[in-house]
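First chain A sits with chain B, and in the next complex the same chain sits with chain C.
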Partner chain A sequence: MIPFEPIRLFAFGGFNVPIVISLLIIGGGMLWLLIRSLKAKEVDRRIVFVFIFAAVSAPLLFEITFDETATPIVKGVFEKIENMPERSRIVIAFDFDPAMAPEVQPMANAVIRHALAKNHRLIFISLWATGQALMDKTISEIIPAEFPQKQDGIDYVSLGYKAGNEGVLNVIVSNVKKMFPTDVNGVPLTDIAIFNGVRSMKDVDMVMAVGGGKPGPKEWVLFVGDAPGGPPVAVGVAAVVAPQMYPYYPKQVLGILGGIKGAAEYESELLHNYPRFAEQDTPGLRMMGPQTLAHVVIMAFIIFGNLAFFIGGRHKEKRL
Partner chain B sequence: MRRQVPLFITFFVGTLLIVSVFIPPMENLGEDFTLFFDIIAVFAFFLGGGNLLRVHLTKLYRKSPDWGFSVVTVVGFFLMLAAGLFKIGNPGDISASVTAEGSMFQTMFNNVVLPLQSTMYALLAFFIASASYRAFRAKNREATILLVAAFIILLGRTPFGMMLTAWIPDSWSVLQVPNLAIWIMNSPNLAGQRAILIGIGLGVVSMSLRIILGIERTYLGDDR
Partner chain C sequence: MKRSSLLVLAVVVILFAISWILKANQLSATEENYILEAFLITFAAFLTLSVLSFLYKDNPFYKFAEHLFVGVSAAFWMCLGFWSTLVKNLIPRLSEGLSEFFNEPYMPGDYNFFFWIPVILGILLLMRLSKEHGWIARWPLAFIVGTTAGLNFVRYLRSDFIEQISATFVPLLIEWQGVGHFFSNFNLAIDGQFVMMLSNWVIFVGVMCGLIYFFFSKEHTGVFGTASRVGIWILMITFGASFGYTVMGRISLLVGRLTFLFKDWLGLIS
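Showing the complex of A and B:
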């Protein structure tokens, strides 16, 4: 079902000494811990911290990357944006804070690049106070540099942050101007070309809700996507939230970008279809290295813990 | 009267909002009530800010332990508030976005708030690893099922999952770790999540009816 992809450890021509040394150190340490566990000795949590630090920092320092292939749940989002007619209106919701940003920001970046490359129009909105600053940062970093021909108000617009959580969605699903009389710069929505013919969220072509808390993607699905005549909704969420979104897929949600892996899969699909973005940063793919090694280290520690637990005979102890 | 008036308001507004969903001409009513809620919610900002100042200024006044942190909190609060309210260093005029690139507010957000919050969240990796080591023990049948599921999901989210099980023939590809991970998410997880969601939904309907009909009165400070 999912094709096998090799690890690109030696992708940059020849033998990558720092990577191999890092892996040997981590692997050697793991072997030492395995021997300790076989002697039923528990591992101090500071040792766990050291290994996690090494597992996360080595791939970042030496750029250990892995090839990713988009799974159907991610491909659904990509293909929707790819196949919509030009000048379609896509709402991008920034419902997250800096804490969640490393995980979900790469998704937002990739979707923005993809949509603008397809000549779609973007409407940015945030239900989180911290989302507006992240939204403006993203817009100013991506659009002027990579899409200098795109104009504020014609090709994209930022509505900024609005307090009120689900209440905001409850209103904009039938009347956007009632809740957002102006854009973030104080320009009335009636003077913004992108809103010509848009009365409510039912008049946009798609919503890409990026976030992971409350209010967030789930609320966009329930209050906007599920409203009669509501637009299709795709979500990009933190990995811990992804399982909560599965009940809505595929009928209420087009696709789910779950955690860094979801972002990496989308970036991979974008690079495959749009080689012009090869020069751009791909944090999703870059962070799959640390995530992969960290997962392997955590799995190893789970095995060590159970070995020590059973060999030490603690499983026979009577528990209350 | 102290009880009857709030109970009547709750009954009236609750019933009106439910009815407005089903009668299109009354749709605007629902929107208007949401806007009223937003106006009321604005006062929560004053309440939140006021409460933060009250707590930390009291700590400073009493020189309570760790009062130095309160200094940082209060100074940070007023600095961000002033930068946002007066749009200090904003490249546009007073009507421009508070988060416009180059403004003091955005500069502080990018250089202070963003790295601090990201760092705090990143620390989770260390604690999760340590907690996994200690908690994921096959102590009993339930814990073993949890352990196996976690193991498959962890492995399935990495390219190693496919590397380890690529030898499994296509006819048995469901046994490949990434596909097993997808199965766990799509079947047991989905069933559990849907059951929880339906339960929550029924609970919300039941509790809402109890509040609207005045059966549930704890929000009035009444424990009966």
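Showing the complex of A and C:
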């Protein structure tokens, strides 16, 4: 990937051609729009879409990305996993669907890699029917390839999907086997090593709830984390839901991975501490290039719109 | 159908076929079912572009993708409701014969007479399909509303009310040893004294002013009015932050779709 270093853009012999071309095209177009706005001329909404498309496509095609530093709210999750004793049991909830996956799947991947690298044990669970397929795909893509020594039932287990929404959480907080008599492969929980000594969710060491709808991370906090004797809960949520989760931090949740920015920060922290993952795909970090450029374009449009509004004299028009 | 519409349809069909052939050719070296795989990727790309075409203007391709999505979703959730709720959750606890029929492990230890109650309520819900006896469906609906409210009441009261009030009681002076000490050790570190105290003050002032804004038993004038206006600013900043997060979420989804188009379909990025 090409790191974005503004100083290098115009340094003799060292500037980055794709980045400069992208910026020239987008910047030139924006300048034209600014002039048009100042003349109080209408700008078709489809032109806005074209700019957003260009701002998202260019960093993807030229693999432009940015460095990220983990904020305390993300570090809280990372450090909890990092500092727990080996063989701790972590529940990873896949409460999302393919539509939400671009945002939250990178979080799940990074947390799984981190937890397995620390030799923790993972229990996968989903309250969303669409989550099970994504969970199976994640397990089959990451564990055999990157952690071939890890064994199903000993180092990780998938309980699959269970219908019942919050009702499922309400039961497993006091008795897991009542809701999940077997794992996803039909093996009774009594025969699975991970569940030795685990009666309820209160017996696991941590819950990492990844999702963004209902039931989702919020329900894990309400029904499991806040239950008397409940395990600490960390959440990885879609950006739309992140503001709703902030009031729970730091008392009710360990940390929040909010949207793709949270995922990128976690990936950055993981790469910093575990260079062995440098060869793995880091979709969170990869998506921050398009995110940044798209945000710059959106902010520019907001400024242009306001300039046109005030300079064009429309603010003087009487409103109903 | 207009001639121009037919022309567009023909172009799309030809482009689809070309894309399918090229993709199949590309996948033939690595995939066993490369023709089907190529079709699925091409069709997914077609649907993505059809949905995005709405940004230009409403059109039949968008309508097709929209209706396909609605239809498939409805069927998917209906089947899922049957197999995951009735077959997986209920039948193994009620009937050995039906469990064998559906190839589900029978759970005789879990049998409970009360499981028949949701069966009866579930059947009553279907009475809504009848014009004459539709009112009966209100009874199970009332049961659902009542139990959900009851279950959630305790959780929300604890987590969203008591815990939140408790979280608002934050120290406004942290490690305070006098003004001189504060300024001599002043720094902007995120875990420093100043930033932590500022955060706690923002929480305190934000909550108080937000509550005052929603307090309508006293006229919003004087100091009370000022606090109310600060409250509305706090609310606006909160809505702005929410909107910012929403924009980030939508851009992420767009990045996800464009990554699919550039990587899986066109093979432009690795």
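What we mean here is this: the second predicted complex is superposed on the first by the 306 of 320 C-alpha atoms of A that agree within 3 Å, B and C clash if a C-alpha of one lies under 4 Å from a C-alpha of the other, contacts with A are read in each partner's own complex, and residues count from 1 in each chain.
Heads up, the rule we're going with is that contacts are C-beta pairs under 8 Å (C-beta built on N, C-alpha and C of every residue); 3 or more make two chains touch, one makes a residue touch a chain.
All figures in this text were calculated on a predicted structure; none of them were measured in a lab.
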| item | value |
| --- | --- |
| Which of chain B and chain C A:L61 touches, first, second, both or neither | second |
| First (chain B), second (chain C), both or neither touched by A:V171 | first |
| Touching partner for A:V210 - first (chain B), second (chain C), both, neither | neither |
| Contacts of A:A101 with chain B and chain C, given as first, second, both or neither | both |
| Chain B versus chain C as contact partner of A:A70, first or second or both or neither | neither |
| Partner chain in contact with A:Q252 - chain B first, chain C second, else both or neither | second |
| Footprint overlap on chain A, comparing chain B with chain C | 49, 52-53, 56, 71, 99, 101-102, 162-164, 167, 170, 178, 186, 239, 242-243, 247, 259, 261, 291, 294-295, 298 |
| In the complex, chain C residues that touch chain A | 55-56, 77, 80-81, 84-85, 88-89, 105, 107, 110, 151-152, 155-156, 158-160, 163-164, 166-167, 190-191, 238, 241-242, 245-249, 251-259, 262, 268-269 |
| Residues of chain A touching chain B in the complex | 1-2, 4-5, 7, 43, 45, 48-49, 51-53, 56, 66-68, 71, 97-102, 130, 132-137, 140, 158, 160, 162-164, 167-168, 170-171, 174-175, 178-179, 184-186, 239, 242-244, 246-247, 259, 261, 288, 291-292, 294-299, 301-302, 304-306, 309-310, 315, 319 |
| Chain C partner contacts - residues on chain A that touch it in the complex | 46, 49, 52-53, 56-57, 60-61, 63, 71-72, 99, 101-103, 129, 161-164, 166-167, 170, 178, 181-182, 186, 221-223, 226, 238-240, 242-243, 247-248, 251-252, 258-261, 287, 290-291, 294-295, 298 |
| Contacting residues of chain B [partner chain A, same complex] | 27, 30-31, 34-35, 37-38, 41-42, 45, 92, 95-101, 105-106, 109-110, 113-118, 120-122, 125-126, 128-130, 132-134, 136-139, 147, 150-151, 154-155, 157-160, 162-163, 166, 173-174, 176, 178-179, 182, 185-186, 189-190, 193-194, 197 |
